[in-house]
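Below are two complexes that have chain A in common, paired first with chain B and then with chain C.
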Partner chain A sequence: MPLDTSAYNLALLRVDGRRWNELRRVHAQIRTQAAADGSSYLEMGHTKVMCVVTGPSEPGPRRGGAGAGGGGGSGGKDAEVAVSIVIAGFSSVDRKRHGKGDKRTLELQSTVSNALSASLHTHLFPHSQINISLHVLSQDGSLLAALINAATLACVDAGIPMTDYVAACTAGSTSTYAANDEAADPLLDLNHQEEQELPGLTVATLGNSDRVAVLVCESRVQVGRLEGMLAVGVDGCKQMREILDRVVREKGQRMIQEGTVERGVGLNDMDVD
Partner chain B sequence: MPREAEPSLSERQFVLQALQENLRLDGRELDQYRPLELSFGDQYGVADVTFGRTRVLAKASAEVTVPYADRPLDGIFNIATELSPMASPAFEVNRPTETEILLSRLLEKTVRRSGALDTESLCLVAGQKCWSVRVDVHVLSHDGNLIDAACLAVVAALRHFRKPDTSIEGGVLTVYTAAEREAVPLSWLHSPFCVTWSFFGDEGETAVLDATRLEEQVRVASCTVSLNKHGEICQIAKLGGVPVDAVALLQCTAVALTKVKEFSELVDKKLAEDVKKRDKGGFMAELSAENER
Partner chain C sequence: MASTQHVLLSPAELAYLHASLSLTPPIRPDGRTRTQFRPLVAETGILPGANGSARICFADGTEAIVGVKAEVERTQSRHDDETVYVEGAANNGGDGDAETKEDSRTGDSSWAEMTVEIPGLRDDDSGTAFLAAMLSEALLADGEFARRLWINRRFHWKLYLDIILISPPLSYPLPLLSLTTHLALLSTRLPRLQSEGDEDPFFDDDWAAAPHLFPRPTTTTPTHRPPITLLVMAVGDSIIFDPSKEELAVADVALAVSVSGDRSEPGEGGAGRKLRLLSIRTIDPPSRLTPPGVANAANSAYGAGNGAPQKMAEARTAEAEAAAEEGVWRAPRGGAKRAVLGALVQKVLEAGGVVDEVLDALEGVDLG
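Coming up: the complex of A and B.
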C-alpha cells in the first residue's frame, strides 16, 4: 500500500494535520441506552464504539467459550467479567466478515476482560457475572484503546465499584524498524494509516498513575524506541482519563439539574449551578 | 467443561509469601530459567524443548499447494497449536481454551508477522504453486511457561527444517527426493524468542521469569516480550491483569534481551552440533559398505 507518511519531516505535521503529541477528537457519551444497566458511546477520531453493560447479575447459562473469563469463573468468589465484541462488517474500508471464533476478536475480548477485572471490585459480587458487550461501528486505528475506554465509561455508568478509570491510547514512532535514525519522534494516538505503516503500541493505565494495565505491541521496533513510545503513551492515557472524567462529571451535573437524581451528600463539593 | 484444580489457600499463601522474600519453591533466582534442553529428531524439522517439567515438541513440514488468490507471490506459512488433554485435564480436543488461543496468537505474532520466515521464497510458480510450510506444536507436558517453550521449539524446528529441492524446466516443476538432491533449508531472516514475566504482589512489584504452573496459577499479571538478538521487539503482550509500573516493564524488556541472546546462542550451538552429527564425511563415506560391526 503506497501510503505516504514520509512528509512528516517537512512540516512536522502528520497525515491528518496533527502534531506529534495531539490526540484526535474524542467524543464520548454515557447512558445512551436507557434500558441498560450501563452504556456508553465513544468516538476517537473515526473509530466509533458502543458499549452496553449488564450486571452484576446472576450468571446465565454458559455460552460456548464466547466471553473469556476474567475473574476466575462465575462459580468463584469473584464476579466474572464476560466481554463480547462484535465488529460490524461495514466498520472498515474493505467489507469483511468477522466470525465469532476469530482469534483476534477473542484476544481483544480477553484483553478487555482482564484489564477491567483488575480495576473493578469483582470481589464484592461473588457468584455473579458482569456482561460487557462492545460493538465496533467504525474502525480507524486504536481499536483496542477505544474498546477499553468505552468499556470503562459503561462500567462507571453501571455503577460498578472500581479503583479508578482504565484509560487507554496508542503511541507510535516515526521511524520504521529498519531505519536506525536517531531523530525519530514518538507519535500519540495513531490512525489506521499510521498504524499500518509505523510501529506502534497500545497502552492502558490505571487512573493518574504510571501503572500500565495493558501494553500491546504488534509491530517490529527497536528496543530503544520503546521508552519514548511508552512515555508518550502513558502521558496520552492521562489526557484520556481527564476526558473520560469530564464526560462522567458533565453527565452527572446534567442529571442533577434535570432532577433525575437527587443531589447526594458527596456531591456538595461539585459546583452545580 | 472440566476446570483446572486451583491451588489450595495454604498452598497459595505459601508460594506468595516465599516470593515476597524473593524465594522460589524450586530454589531458583527470580530471573533464572529452569534447566533448558533442546534436542532435534532424526528427521529434519523436529525439535523437542524441555524447561524443567514442561516439554514441547514442534514438527515442521512442507507440501506444494496453490497460493492464496490475493497473495500470488507468497508461500503459505502456518503454525498450528493443539493443547491436548495429555497436557492437562482442563484442555479438551476441538475446543480451544483461552490459553490455547492466546498461545497461538502470540506465536503467530512473534514468528509469522515479524517476518522471521521469508514467505516470498516459498513461491514456486507465481499464482499457481507454492510451498506451504506448517509447524505443529504439541505440548507433551505442561508445568508452566508454555509460551517461551513453544516459541523456542517453533524457531528451532523451522531452522532445523529442510525442504526438498525443486527445479522448473519448461513450466514443469520437479520436486527431488533427498537421495537425488540435498534438501535445502528455509530462507530464515531472524530468530525471535519469547520471554514471559509473571508478576506477583498487590502492585505487581515482584517480577519472575519462567513461572511454573503453580506460580502461573497464583500470579496477578503476566507480560510476554518477544525479541530477537539484534534488539528488535517483535511483539509485547501484557493483556490486562494488575497494573505494573511502566519503568518496571522497561527493565523487564532489558533483561529479556539478555535472555533472548542466550536462547539465540543455545539454538545456534545445538544446530551446529546437529550438523556435525549428521555429516558422515561426504558422499563416498555414505556409499562405503563398511559398518561398525
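Coming up: the complex of A and C.
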C-alpha cells in the first residue's frame, strides 16, 4: 500500500501518529540469556532483535558462522569481530526465507562488524575472535540501527572494553525523491512503510560525541536535504545513547541490589539503594 | 552436528561418569533423578506478527524461539481428484452435505514446512536437516495434523514453522526444539473462516475471534495435542531422560522418541491421557567417537611390555578390546540391545510417567 505523504503537511503527524523528531518506543534488556558471555534484546517499535555475544575466545577450527570479518583477521594483532545475522522467516509480514548467503544480510553483517570493531578495544585480545550473533525476530524498519544498538548492548554485557556506545538511528525526509520538494522536512526513526517510500539513511555515532561511526544511505535523495537528515539522525543517536545507557545502568543497579555482583569502588557517587 | 560435538573429558572421566550413571539409582552429575528434567522458562505469544510463537529457555542457557506463520494456498488438484470431485458434487443432495464435508477433509504432508536454524551451522548442514526431518515427521505422522489445515476442496493453509536456536548449541537441542514447537503450535491461531463451501476463502478480520489450531481442552470433548519428541538414553541398564551433553558423551544408546498425548476423556493430571508412540529414531551418541582408555597392564608407563617382546600394534588393540576392564573407558561398539530398546520405549510410554509430567507442565503454560 503506497504511503500517503500528502496528509503530513496538514497536521504534521506521520502515519503512526509521531511528530517528525520522535523516536518509536524503545525497549531493551541486557543479560537475557544465562549461557552466553553477553546477550541483549532490543525493540524499536515493532523491530525486534536479539543478540548473543561469545568471546573474546580462541577462534575455533571451524570458522563457524563467521559471515563477515571486520577489522583485522583472526591470528592478527587484533581480535576479529565475526557477526552472523539470522533473519527469521516469520519476521516480516509475508513469510520469506532468508538464506545465509543473502547479499543483503552479508552487507548488514559487515556493516555491524566494521562499526563495532572500531569501537571495541580489539587490540587487547590478539589472536582471538568475538562472535556476535544477531537474530531478527520481527522487522518494521530501521533494521540496521536496531542491529547495531543490540550488538552494542550485548558487547557491554559481555564486558568487552569499548570506547563508548555505538548508538544508531535512522532519519528520512518527508517527501519522496521524485517529488523534489524543496520544503521537505527531515524525519527521525523511519518505520517500514516510510522506509519503503521515502529517502532515508542510517547513522550511528560514537557515544555523546558527534563522531559518525556508520552512515548508510541506500536511497536517492537530493543533496540539499542530506544535511538536515544527518543532523536529525545524529540528534536521534544521542537520544538512543541515553536510552541504552539507562538500560545498562538499571541492570547494573539491580545486579548490585540482588547481590549478583559486588559494589565496586568509586560507585559511591552513584545513586544505589 | 551437536550429537557429535566434542566433549572435553578424558577417558578416566568418561569411565567414572559411565560407572556412576550405571548404578541403581544412577548418580547424575547435576544431581537429578533419572526421570527429572532440567528446569525451563517458557512463554508463548511473544511475536504479534506471527500466527503463533513460543520461546523456551533451559536452565543450561540454551534458548529457542519458534514462529508459526500461515498462508492460504491453492490446493494442487490432480486429474483423478478432479473427476471424483465432480462426481461427488453431482451426488450431493442438500442433506448429505455435512457428512461428505467431513470425509473430504484430507491433508497433505507438504502443507507444513519446517526449517531449523542453528547459529554457526550451514543451511544445508546434515544435522540441521535431520533435526527438521525428525520434528516434522512426528508432527505429520498420523495425518491428523495436515487435516487441520484443510480449508475447503480448493484451498488449504500452508503452515511455516521456523525454529531458531538463539544460543550456541551447548547440548543436543532436540528436546528444546521439540518442546518449543509444541508450545508454538498450541498458541497458533488461524483466522476464522467466513466463506462457505468451496468458494474463495474469506476470513473474519477480528483476531480475537480466531480459533486456535489446537482447540483448548474442554470438559466434554477429547482434545488433540501436537507431539513432543524426547531424548532418552541408556547407560548399562539405567534409563536416563533429558541427558546433558556430558551424560550423552557416555551413552550406550540414545533415542529420540516422539509421543503424542491426546486426552481421550477429560480429567486432571495424566489420568485421561492416551499416549501414542509416533516415531523412534536412534541418535548416534558422541560416545562412539571418544578415545578409549588404556589399562595399567597395557600401559608402557606402568611397565607393561618391558619384558615381553614388542607386540604388533593391531594385536594389542584387539587384545584390549577383548578384555573389558572395570574402570577403563571403552567407547560403545555395535548397535543397541533389543531388550534395552524395548525398556526405553516402555519407560517413555508409561502412564503417569515422564511424558505425562512434561505434557502437564506444558499445559500449565499461559497461552495468552
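Just so it is clear, the second predicted complex is superposed on the first by the 268 of 273 C-alpha atoms of A that agree within 3 Å, B and C clash if a C-alpha of one lies under 4 Å from a C-alpha of the other, contacts with A are read in each partner's own complex, and residues count from 1 in each chain.
By definition in this document, contacts are C-beta pairs under 8 Å (C-beta built on N, C-alpha and C of every residue); 3 or more make two chains touch, one makes a residue touch a chain.
Keep in mind it's a predicted model, so treat the numbers as computed, not measured.
Annotation for the three-chain superposition on chain A: chain B and chain C fit side by side. In the superposition on chain A, A:46 makes contact with chain C only, while chain B stays out of contact range.
Looking at the shared chain after the overlay, A:86 reaches chain C, while chain B stays out of its contact range. Between chain B and chain C, the partner in contact with more residues of chain A is B. In the superposition on chain A, contact of A:133 is made with chain C only, not with chain B.
When the shared chain is aligned, chain B comes close enough to touch A:113, but chain C does not. After overlaying the two complexes on the shared chain, residue contacts for A:95 are found with chain C alone; chain B is out of touch. In the superposed model, A:201 lies in contact with chain B only, and not with chain C. Using the contact criterion defined above for the overlaid structures, shared-chain residue A:11 touches neither chain B nor chain C, since it reaches no partner. Superposition on chain A leaves chain B and chain C with their closest Cα atoms 15 Å from each other. Once both structures are placed on chain A, chain A residues 62, 65 are touched by chain B and, in the other complex, by chain C. Against chain A, in their complex, chain C makes its touches with residues 46-50, 53, 57, 59-63, 65, 67-69, 71, 115, 117, 119-123, 160, 162, 164, 166-168, 170. On chain B, the positions that touch chain A within their shared complex are 1, 3, 6, 95-98, 101-102, 104-105, 108-109, 113-115, 203-204, 220-221, 223, 227, 231-247, 249-250, 253-254, 257.
Residue ranges of chain A in contact with chain B, taken from their complex: 62, 65, 68-70, 72-73, 103-104, 106-107, 110-119, 177, 201, 205-206, 209-218, 220-224, 226-227, 230-231, 234. Considering their complex, residues 33-36, 46, 48, 50, 52, 54, 62, 64-65, 84, 86, 88-95, 97, 99-100, 131, 133, 135, 137-138 of chain A touch chain C.
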